[in-house]
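Letters A, B, C, D and E name the chains as they come in the text, with residue numbers starting at 1 for each one.
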Amino acid sequence: MKGLNAALGAAGLAAFLALGEVVPRTGLVKESYFPPTSRIASALGDEITDGAFWSALGDTLTGWAIGLAIAVGAGVVVGVLVSVVPYLREATASTIEFLRPIPSVALIPLAVLLYGTELRSVLLLVVYASFWQVLIQTLYGVQDVDPVAEETARSYGLGTWARVRYVLWPTALPYVMTGVRLAAAVALILAITAELVIGAPGLGQQIAVAQSSQAVPEMYALIVVTGLLGLLINVGARTVERRALAWHQSVRGEVAV
Amino acid sequence: MIGRVLLRAVFVLALPAVLIAVWWAASSGSVNPYWPPLRTILTTFPDVWTADRLRSDVLPSVLRLLGGYATAAVVGVALGTVIGSYRRVRALCEPVLEFLRAVPPPVLVPVIMLFAGIGNSMKVVVIASGCVWPILLNTVEGVRAVDSVMLETARSYGITGAARLRSLVLPSAGPQIFAGLRQALSIGIILMVISEMFAASNGIGFTVVQFQRSFAIPDMWTGILVLGLLGFVLSVVFQLVERRVLAWYHGLRASTRRSA
Amino acid sequence: MDALLDISGLRKVYEGSGRRVEAVRDLTFTVESGELVCVVGPSGCGKTTLLKCLGGLLAPTAGRVLFAGKPVSGPPPGMALVFQEYGRSLFPWMRVAENVELPLKQKDLSKARRRELVADALASVGLADAAGAYPWQLSGGMQQRVAIARALAYEPDVLLMDEPFAAVDAQTRADLEDLVRGLWRERGITILFVTHDIDEAVYLGERVVVLSASPTVVQEQLKVDLPDERDQLTTRVAPRFAELRTHVYEQIQAAKRGKADPAGGKADAEPADRP
Amino acid sequence: GSSGGSGSSDGGASSGGTTTIKVSTIPIVDTAPLYVGQAKGFYAKHGLKLTISQAQGGAAIVPGVVSGQYQFGFSNVTSLLIAQTNNVPVKAVAEGNNSTGKENADFCGLLVPKGSSITSAKQLAGKKVAVNNLNNIGDTTVRASVRKAGGDPSKIKFVELPFDQMPAALDKGQVDGAFIVEPAFTQAKSEGAKNVGSPFVDAAENLTVAMFFTSQQYAQKNPDVVKRFQEATKEALAYSDKHPDEVRKIVGTYTKIPSALLSKMTLPRWPAEPNKASIEALAKQGEQDGLFKSTPDVDKLMP
Amino acid sequence: MDALLDISGLRKVYEGSGRRVEAVRDLTFTVESGELVCVVGPSGCGKTTLLKCLGGLLAPTAGRVLFAGKPVSGPPPGMALVFQEYGRSLFPWMRVAENVELPLKQKDLSKARRRELVADALASVGLADAAGAYPWQLSGGMQQRVAIARALAYEPDVLLMDEPFAAVDAQTRADLEDLVRGLWRERGITILFVTHDIDEAVYLGERVVVLSASPTVVQEQLKVDLPDERDQLTTRVAPRFAELRTHVYEQIQAAKRGKADPAGGKADAEPADRP
């Protein structure tokens, strides 16, 4: 069963890669601007033998992981707090809605102003962007609590903390998991974008160099690396989800069918 | 009744008022050109965002945003429903989608330009390509989580196909889909800015980036304010829509919460 | 081989989340077309499981379920199921009338006819004025009646009901019992009725199937030889009624005594720790 | 690349006579002297240890320098003039790079697509021309080319595109012309695009295109470091100007330019001193184009 | 004023989503400490509403609910409630034993004691070997018994039960009835028991409160003068039992006849179209 799913996934990827090979080969776009998969693969092969690539990858992943951890932690805590403390949600709604759409790219000068090309600069942008994803999902998730479950908890005198822990949190968890998956990708995107624009060390900076060097296959190779990272992150998230949400309809439904 | 309206107004305005006051005080003596006093920003505001500018920059941006957002909503919900309903399809598509999802829009834009040109359609595609993910993911998860008893009810009454979709799957996944739509709204604004960094000649994002590049820093800050305001206004509209569409849901959830 | 429903050697084993339960071991019985059969059995013995297998919602682990001579692979048309979990089987985003109307939309009916069916069905369960409410605005018994109304409005040929009157008061229950029997007699539909109320089983059924505690087999099938014309007052005090109900009661007690455990725990249950 | 050290804004930690300075640049050919100077020890000789950061453009460089995150930055002249007129306290300290001054043999060109009917910059009036940044050195100098060829510069429609996207945009006919620099310039030409003008040459004689700069505070507080940087850079510029082969080699280390392009492309000139006259000319044209809020003060900007 | 629960003039009106329902109009009665009172009434008359008001989960629109002399503003400690919607009141993310243990965590008990209470409670409802299952792996009746076990393990002083045996079979029901009466007699706890089974109400209760159809008032309060020592076989055939049950039955019928509508529709219901 698991093997079959993996095989299907691999088949999907293979089809996608084949498409990437065919489109430029048929002349739909020019090879020099959109290199075929094989060309990208060989550029990727060159990249991964280069030490600079690995240190860049390390830098990117560091920024990503720290930023994501902060964003998820803060997003969940703030989300639960805002939902649980009376009136806090109403009081913060307008501010949240105002701040959320402010693009991280517009904050780049601010980040540089404060931290230059340091890791903190990247973190600022990563956290700013991915925090909202987790927060909003948490808010919606907490709201999803079944009234009967909530009443049961209250009638047995469960305190606020116990209700959060035993009722709100499990209910919100599926939403939060989606939030984390969204935030993981956004954090990666922002880490790379920040490196790209600011020049903090990492994959993004490598992409910027490749772009301004007119090194098209190398640039695509690096983009593929970011895609693969996203893929791996998702596999991890799914694994966590299968364990943490074994009770949930979305997971148990899969087993039953 | 009036009391409630007033209370709401207080809730909406209190925290922003405090934050603005803090900002005002903290920035009042600033000499750093990148961190101008709030007063300067506010006095610049009316000069920058004239009626003319609203027509020439804000309107095109909003239209692109709506176009991209609508595209993403349709694609995200449609694709999400299919992927969420069929385990095999999910296994097949998920890796590719996760791959695409992780590609940063600024590097994706050039690729999109190869296929969609450099006009408005490119910008709409860029906005849609970013908005679609939260909608897609939430739809998939919402569809997967449809209650088993309800599913069986529908099956036993032979409610299949479009009817099943319309009367069971979508309403049931509705709350989660709306969470995704909500996320997508602000992502759309962000991507609107990013897309207008490429081959644009008007738009809010374009203007903000131009201000930034030309060191018109207070003007740039007004642009950021406009983006925030746009986000706020759209979210108010969004909430109105959500209250309508998910009336049953909010009624159900509130039916006990309001009491005691 | 005239039987409308033909169940033979039915076995169902649930597996998953570190637990394996043999809900039904070996069930064999038939339901003729136009019959009203009641099924009783200890809690957890597999009545709901049986109904879901009949309704094509659950694939049996082994054995065969034939509907009109054909194996059941999905929900057969013309069959309506009233779920035990009535609350969860109503769609919270639809008002009561919409909930009842929904299955009718699958049928080729005029709008007016649908309206009429909905109104009739709701009136017959005493919920005419709750049509505009959402299910979660109703009491438990009212929700259950909405689920019943939905099945009635559907005008099924076969009606499977899973403890449909569990949440309604005695008087309403009596009314609904008469309603079901009346429908059955008028329209000649086939009804399989799961209940845990022995009096109800005897009062309603032509035949009562008693299931054993799990691992479940058919403990006994009992022909109810009461007159067709039944009445809440006279039938229930008839001596034959008392005999029959005592007999069924004893059977159920025997079924449960078959197990050391007082209330139908699973022999095969393997409650494991978190995996 | 480099990793950021302390965020000290008084800049330049000095130890045992050497001062560490952070320089924020763009990973392009133009900044090669910095790397040459580092490799050849010109900076070390003056007691400077360079840490070079690579950013995508001015949006990241200028605020970093102004706030003291970096001590020096690299920017084109027009951007510096714009910054100055917006009261951003920048101070140019050294020559960055110059055009070659040779028509059709510069490191920058005005290209039209393969098979385009346009043969002269004049015909670009009314057409869509890509520049990397709007309202910057690109449009000013493109206008100069069109004006010089006898066209109406006010009729050009500029669109903003990154340099690396321009060859594709030209190829697909999405733009009618492009203001383009190396290495995309050579790349596009190799795919058939035709050069119809040399904007940097047409704008002024021996145009100074870019300069190294610092913030006014830093220049005031650390005149000594600035002076050493100026001298070391001067030497590096002179050396680079004379040794193009070494330059090409070192460019290969900090960029990913494919070797085929690297050997073919035109290098800029690196005179030791900026050409003030050309900057004044650029400032004047920019003012005509309405780039500045007030008249730029070239004297104040210059070292 | 010795009453443990003192309900006077209780009124509850539900409003929202285009519907206004006066669920309870005017309820006044008391429950003494250590009493076992059964509440019966037509479906939708407001029994669940009453229980939620007593349990501090719902604020009355008017009237007063006193618990031990103090107004109820939130769930009082030492009170356990068995919900009618048993399925939804169990947490699907917790196994059966965890569900039962959860309320105990609020109490200051050792882990071993908690384990013991959980095991005892599960065994007493016949679910000892389902401890490791998730609620959604259980049958309806088993789920309901888990909810009961949770309330029992909590060792409450006051127990409010809302149709707690609706989903279990006759035999298990009888066992559970004896279990509840046994607990009540041993521990002297106060029990308010909502049921729609009239026999059950009479068999269990010291007193039966009959509610009218809505707009709900107390139709009648009936003292059950059967001996304290009750037994499924002998008590249920006692002549006095038959008298009492007939009386209650008539009262309920009267309660329902008070309305034209056969099954407790709302006088105040204003089913409106979508807003």
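Methods note: a contact is a pair of C-beta atoms (placed from the backbone, for glycine too) under 8 Å apart; a residue touches a chain by one contact, two chains touch by 3 or more.
Keep in mind it's a predicted model, so treat the numbers as computed, not measured.
Number of steps on the shortest path from chain A to chain C, with steps defined by chain touch: 1.
Separation of chain D from chain E in touch steps, taking the shortest path, is 2. Ranked by distance of CA centroids from chain C, the top chain is D.
In this assembly, the C-alpha centroid of chain B lies 48 Å from the C-alpha centroid of chain C. Rounded to whole angstrom units, the spacing between the C-alpha centres of chain C and chain D is 82. For this pair, chain C with chain E, the centres built from the Cα atoms lie 25 Å apart.
Mean C-alpha position of chain A lies 17 Å from that of chain B. In chain B, the residues that reach two or more other chains under the touch definition are 32, 34, 114, 147-148, 197, 212, 248, 251-252, 255-256. Within chain A, residues 33, 109-110, 113, 148, 151, 196-197, 211, 247-248, 252, 256 each touch two or more of the remaining chains. Within chain D, residues 57, 59, 63, 66-67, 162, 164, 168 each touch two or more of the remaining chains. Every pair of chains meeting the touch criterion is listed here: A-B, A-C, A-D, A-E, B-C, B-D, B-E, C-E. Here chain E touches chain C in the complex through residues 14, 16-19, 21, 40-44, 46-48, 84-85, 87-88, 95, 125-134, 137-142, 145, 163, 166-173, 175, 196-198, 249, 252-253, 256, 261-266, 269-274, going by the rule given at the top. Of all the residues in chain B, the ones that touch chain D in their complex are 32-34, 110, 113-114, 117-118, 197-201, 209-210, 212-217. Here chain D touches chain A in the complex through residues 1-4, 7, 22, 24, 26-28, 53-57, 59-60, 63-64, 66-67, 69-70, 162-164, 167-168, 171, 183-184, 187, 191, 254-258, 261, going by the rule given at the top.
Taken in their complex, chain A has these residues touching chain E: 146, 148-149, 151-152, 154-159, 162, 166-167, 170, 173, 247-248, 252.
In the complex of the two chains, the chain B residues touching chain A come out as 8, 11-16, 19, 32, 34-35, 87-88, 91-96, 98-108, 111, 114-115, 133-134, 137-138, 141, 144-148, 175-176, 178-179, 182-183, 185-186, 189-190, 193-194, 197, 205, 208, 212, 220, 223-224, 227-232, 234-236, 252-253, 255-257.
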